[in-house]
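In the two complexes that follow, subunit A is the common piece, with subunit B as its partner first and subunit C second.
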Partner chain A sequence: MAGCLAAAALLAACAQAPLRGTGDLGVVVERAAGRLQLVETTGARIIGQVPGLGDLSHASVVYSRDGRYAFVFGRDGGLTKVDLLRQAIEKRIIQAGNSIGGAISQDGRMVAAANYEPGGLKVFATDTLELLADIPATYGDGKKSAKVVGVADAPGNRFVYSLFEAGEIWVADLSDPKRPAVSKFRNIGKEPYDGLITPDGRYYMAGLFGEDGIALLDLWNPAAGVQRVLDGYGRGQEKLPVYKMPHLRGWAVAGTHAFLPAIGRHEVLVVDTVGWKESARIPVHGQPVFVMARPDGRQVWVNFAFPRNDTVQVIDAPSRRVVQTLKPGKAVLHMEFTPRGEQVWISVRDDDRVVVYDTASFASLKELPADKPSGIFFTTRAARIGF
Partner chain B sequence: MTDFAAKLVLSLLAAGLAAQAPAAPAPAPGRAAQILNMVRQDCGSCHGLTLKGGLGPALLPQTLKGKDALSLKSTILYGRPGTPMPPWKPFLSDAEAEWVVEQLVKGLPDGR
Partner chain C sequence: MAGCLAAAALLAACAQAPLRGTGDLGVVVERAAGRLQLVETTGARIIGQVPGLGDLSHASVVYSRDGRYAFVFGRDGGLTKVDLLRQAIEKRIIQAGNSIGGAISQDGRMVAAANYEPGGLKVFATDTLELLADIPATYGDGKKSAKVVGVADAPGNRFVYSLFEAGEIWVADLSDPKRPAVSKFRNIGKEPYDGLITPDGRYYMAGLFGEDGIALLDLWNPAAGVQRVLDGYGRGQEKLPVYKMPHLRGWAVAGTHAFLPAIGRHEVLVVDTVGWKESARIPVHGQPVFVMARPDGRQVWVNFAFPRNDTVQVIDAPSRRVVQTLKPGKAVLHMEFTPRGEQVWISVRDDDRVVVYDTASFASLKELPADKPSGIFFTTRAARIGF
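Entry: the complex of A and B
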């Protein structure tokens, strides 16, 4: 209150901002404009904008454990801490030449950025963005550097990630941030393009681009090494050209099965997470990009790569059948469920809008204007392992 | 196009032919905008929106300098086997791919 009385401007600001939680907040990335739209899912509305975030192509976002701060990773190597309540940038640093994404540690004190250039992982303090650890992704003779992809947090303040050119999975234990302990798993397969960790934090899976299969690491038993699952799922058939790399995240797991994009095929692969055997493959409209389970695991929503990217399909998880085909518009890039999944927000880049659907009736509930929207990230991610 | 303008274009083309390989004819404005959007947004998924690189290499004038235009065009049309670069032939004609190379080499107009 003393702060509010200090200046008239502050008084006005305080008067306009009643106390509120952040559990129903989120951001929509406007990638070309370098701006975030701040959104509230309860009212399905835009509550503000935060500009000045640089090059946001392929931007991704993780949240502080209190759900107040968004950490935004930009293509230009920018790491920006955004305060959702003050609707302002708290701090912004350029930490690399080219970045792909990041993760936040189990204890919430560290945020890790996965970088393409220079290839490696950098770990920062979430409160100050001070650099805590720098782990270059060197491989081979130690002179080559790989692009880091698919970083996920694991229990024990560990970060797990893959090295694209090297075909390796690294587990960095940052229990002591000053002395990171890195375990390296080599020859895991050709060109891992992204990774995910199961919602229980036990299994890390890296999808392979250079061959048909998934590299699987059991973090409860790392001594057993990396095993191959869905090996040769293409059965030797030539794959189609891939116009957009698929993405993997922990939401691919619905109940006891993981639903995964097949590379270069119009298929979603289903694997059981007990025996890690293929249990089905589901024909879909195009090459899947995001395959995302609704939070209850009953439905799995899929969007597709260029040029079939005007469509979203819904798979009924128990019957493994496509039960709905939607046409949200031109260039669907991302989907995000509300915390308990009654709605899904879908970004439609070339139509400059976000469409909100009811996941039970599939009715389109609302459209929000956004400039070339890409990723949508809600604060529910703050409390989930692997996000 | 007026008769005079047509003659001017022809003589410019002839001059161009004498100096170097002819410039690819620019697509009609609507199509050009569509192609530039595709280059920025869809090529941008791997090469970055500002084309400074990502999973794929940078496509900026300084990085393309000295590279053979014909081989750049065939990379666009036919992809690069053994890498994630796919063939864009289903979406671009030969002349359009050539035009894209020209745009990339001189720097893409800011068309977002």
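Entry: the complex of A and C
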């Protein structure tokens, strides 16, 4: 009888987590509630919630290579491993005082957290969240520590990131986690505030807060050092008011061109990635925040800074024209495409909802309730470089 | 007590299929045995087998968008839906007399089978395998039916394919499965024998058996019609003996260049995808069969036709030099990269094994036993266009 009860209890646990694939799952971050909504894109529906994740403002998420676990980097230094199948926290640690994001290694064995306070990069095992490596961001006389920003994964189990106060880009090779090999690129420009890696893992770019331009590192040719490109990029001569510094992760690469938010202007810049020169400017509705390519690169979707943040525009990539203007609602914060791009999910913070659009017809397909939603992250990111 | 037994029975079923993510799963086709080996790339190991799939020579596989189900297109016209989690056949139908491959729609709701005998495209619901649409490949006076080859998915729930005897490319829009809208491009060249779509879903290309050159359709500009490119591509003037017609799906697109097998020559061709002109030829070990780019595009891996099919070579994409020659064993048939490219799995038919290589060090990491393995297909394909 005891065996029967045990079997029944196990069965109950089993029944609570039915078998299912993880390729169509994702999370919506509810920033104020410190909670994740778990979603499934096939049915465009919410399948559960996981609360208790602390301060989730500016939270970012990466996925285990099997798509089962989300690693959530919170602003409060929390690193939480969430099981999407059991809909529960697997493990949660407070790894720093203040964190700005993270990345997962190519082999899926390590997650790296980029920290503000204290500055530095911490690397954890994905299975246990055990600390594997702690790389301080010391610079200058070796007594000062910089904020680490813009961490991205690169092929070869490397993490690439920028040191804000130091004006440096570091490449940490974690092939042997016990002996990280760090290459440092100095004098790359003043105050790098964010970074991204191109979808092919080749170029790392850091945006500069302290001056104009972008610092560019070709990871296929690191001996060439960091180059300065797009000298006009940044606040520019006119010192326009900037309502929100755009995320560099919001850049889109479609074919041989990158589409990126102009800073302080109602424009999207088009840059030829062969030579990294500006080739066009597209007038848009407001100051762009995220400029994201649909997975096939045919469309580029743009959201905007306050006070024009009720709108999303769609640019046709080959003709470089705005072909659609949508009004999802008050305070559009983030967008995420389904794996093959037939839908886009848009978080509308002040209307407490996520709106799902068909990217071919631009029809609104569904609205899902969410409490002040911000980032949306689908498991497809597990299989992609630089996410 | 009966309830207890029922609970125990259910529990046993539950225990047989433990909860797990599907992002790191895949199958290895055992062609002669009509069986799939189910594999997991995180541990580089075999997790099970599913037999009873009929004739699997030249079988191809696509995945449901959640990564749970494999759809296997057999040469014998069989279409089998396999559940990777329960490790069992979910449903199997014989849908035609002779089939050459298939594709899955962007929204994941339909699979399309390209048939030799009788010719035509059949479209099935992924949930039930119910027939949704049957599009005969009639041409000329409307009484003849062509073999359908080179079917690929395109954004907008379209399937693009070629008609061998007719020399036509058809684009079938299945947005409304009950009313397929078919656009026909005629006189595209003699005897298209295979086709592929570029990773961005923009270009469909058909190789021609009956003459030199490639038929190219720009799906972003279908009004321009089908263009002929690479006029020298094909058997060419010298009529070299061709041991095996290379698969067009074996083309690699890395950055702005495509790497493709020369037909009948010991060369890989490099083609500038802006203008589709040949820009270089790389001498290699034998007649190339598959020419595949690592997901980051930095490396291109090549296998070869009989009698040089014990070898694999690796080309460094930017320098266009062969940087490594490996000898995996007798009769290398196929290669598949892990989602972010840190490993490649290679099937070695006549040595009855799959060899897993580290793509950075070229070290052989593991050998897995398999009975005459041919195609290897990982679930990552679910999230990609043209797979």
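By definition in this document, the second predicted complex is superposed on the first by the 371 of 387 C-alpha atoms of A that agree within 3 Å, B and C clash if a C-alpha of one lies under 4 Å from a C-alpha of the other, contacts with A are read in each partner's own complex, and residues count from 1 in each chain.
We take it that a residue touches a chain if its C-beta (ideal position, glycine included) is under 8 Å from a C-beta of that chain, and two chains touch if they have at least 3 such contacts.
Everything numeric here is computed off the predicted structure, so don't read it as measured data.
S.K.: May I ask you to decide whether A:W220 touches subunit B, subunit C, both, or neither, giving the answer as first, second, both or neither?
M.R.: Touch partner of A:W220: subunit C, not subunit B.
S.K.: Answer with first, second, both or neither: which of subunit B and subunit C does A:G108 touch in the superposed model?
M.R.: In the superposition, A:G108 contacts subunit C only.
S.K.: Please work out whether A:Q324 is in contact with subunit B alone, subunit C alone, both, or neither, and reply first, second, both or neither.
M.R.: neither
S.K.: By residue count, which of the two partners contacts subunit A more extensively, subunit B or subunit C?
M.R.: C
S.K.: Scan A:R75 for contacts with subunit B and subunit C and give back first, second, both or neither.
M.R.: first
S.K.: Just checking: does A:T22 make contact with subunit B only, subunit C only, both, or neither of them? Give me first, second, both or neither.
M.R.: Touch status of A:T22: second partner only.
S.K.: Show which residues of subunit A both subunit B and subunit C reach, each in its own complex.
M.R.: Subunit A residues touching both partners: none found.
S.K.: Applying the document's contact rule, which stretches of subunit C touch subunit A when the two form their complex?
M.R.: Those residues of subunit C that touch subunit A are 1, 4, 7-8, 10-11, 14, 17, 19-25, 40-42, 63-69, 84-86, 106-108, 155-157, 200-202, 220, 254-256, 274, 295-298, 318, 339-342, 360, 379-380, 382-385.
S.K.: What does subunit A use to touch subunit B in their complex?
M.R.: Within the complex, subunit A contacts subunit B at residues 31-32, 55-58, 75-76, 98, 100, 116-117, 147, 164, 191, 193, 209, 241-245, 306-307, 331, 349-350, 372.
S.K.: Mind pulling up the subunit B residues that touch subunit A in the complex?
M.R.: 37, 40-42, 44-46, 48-50, 52-55, 79, 84, 86-87, 90-91, 112
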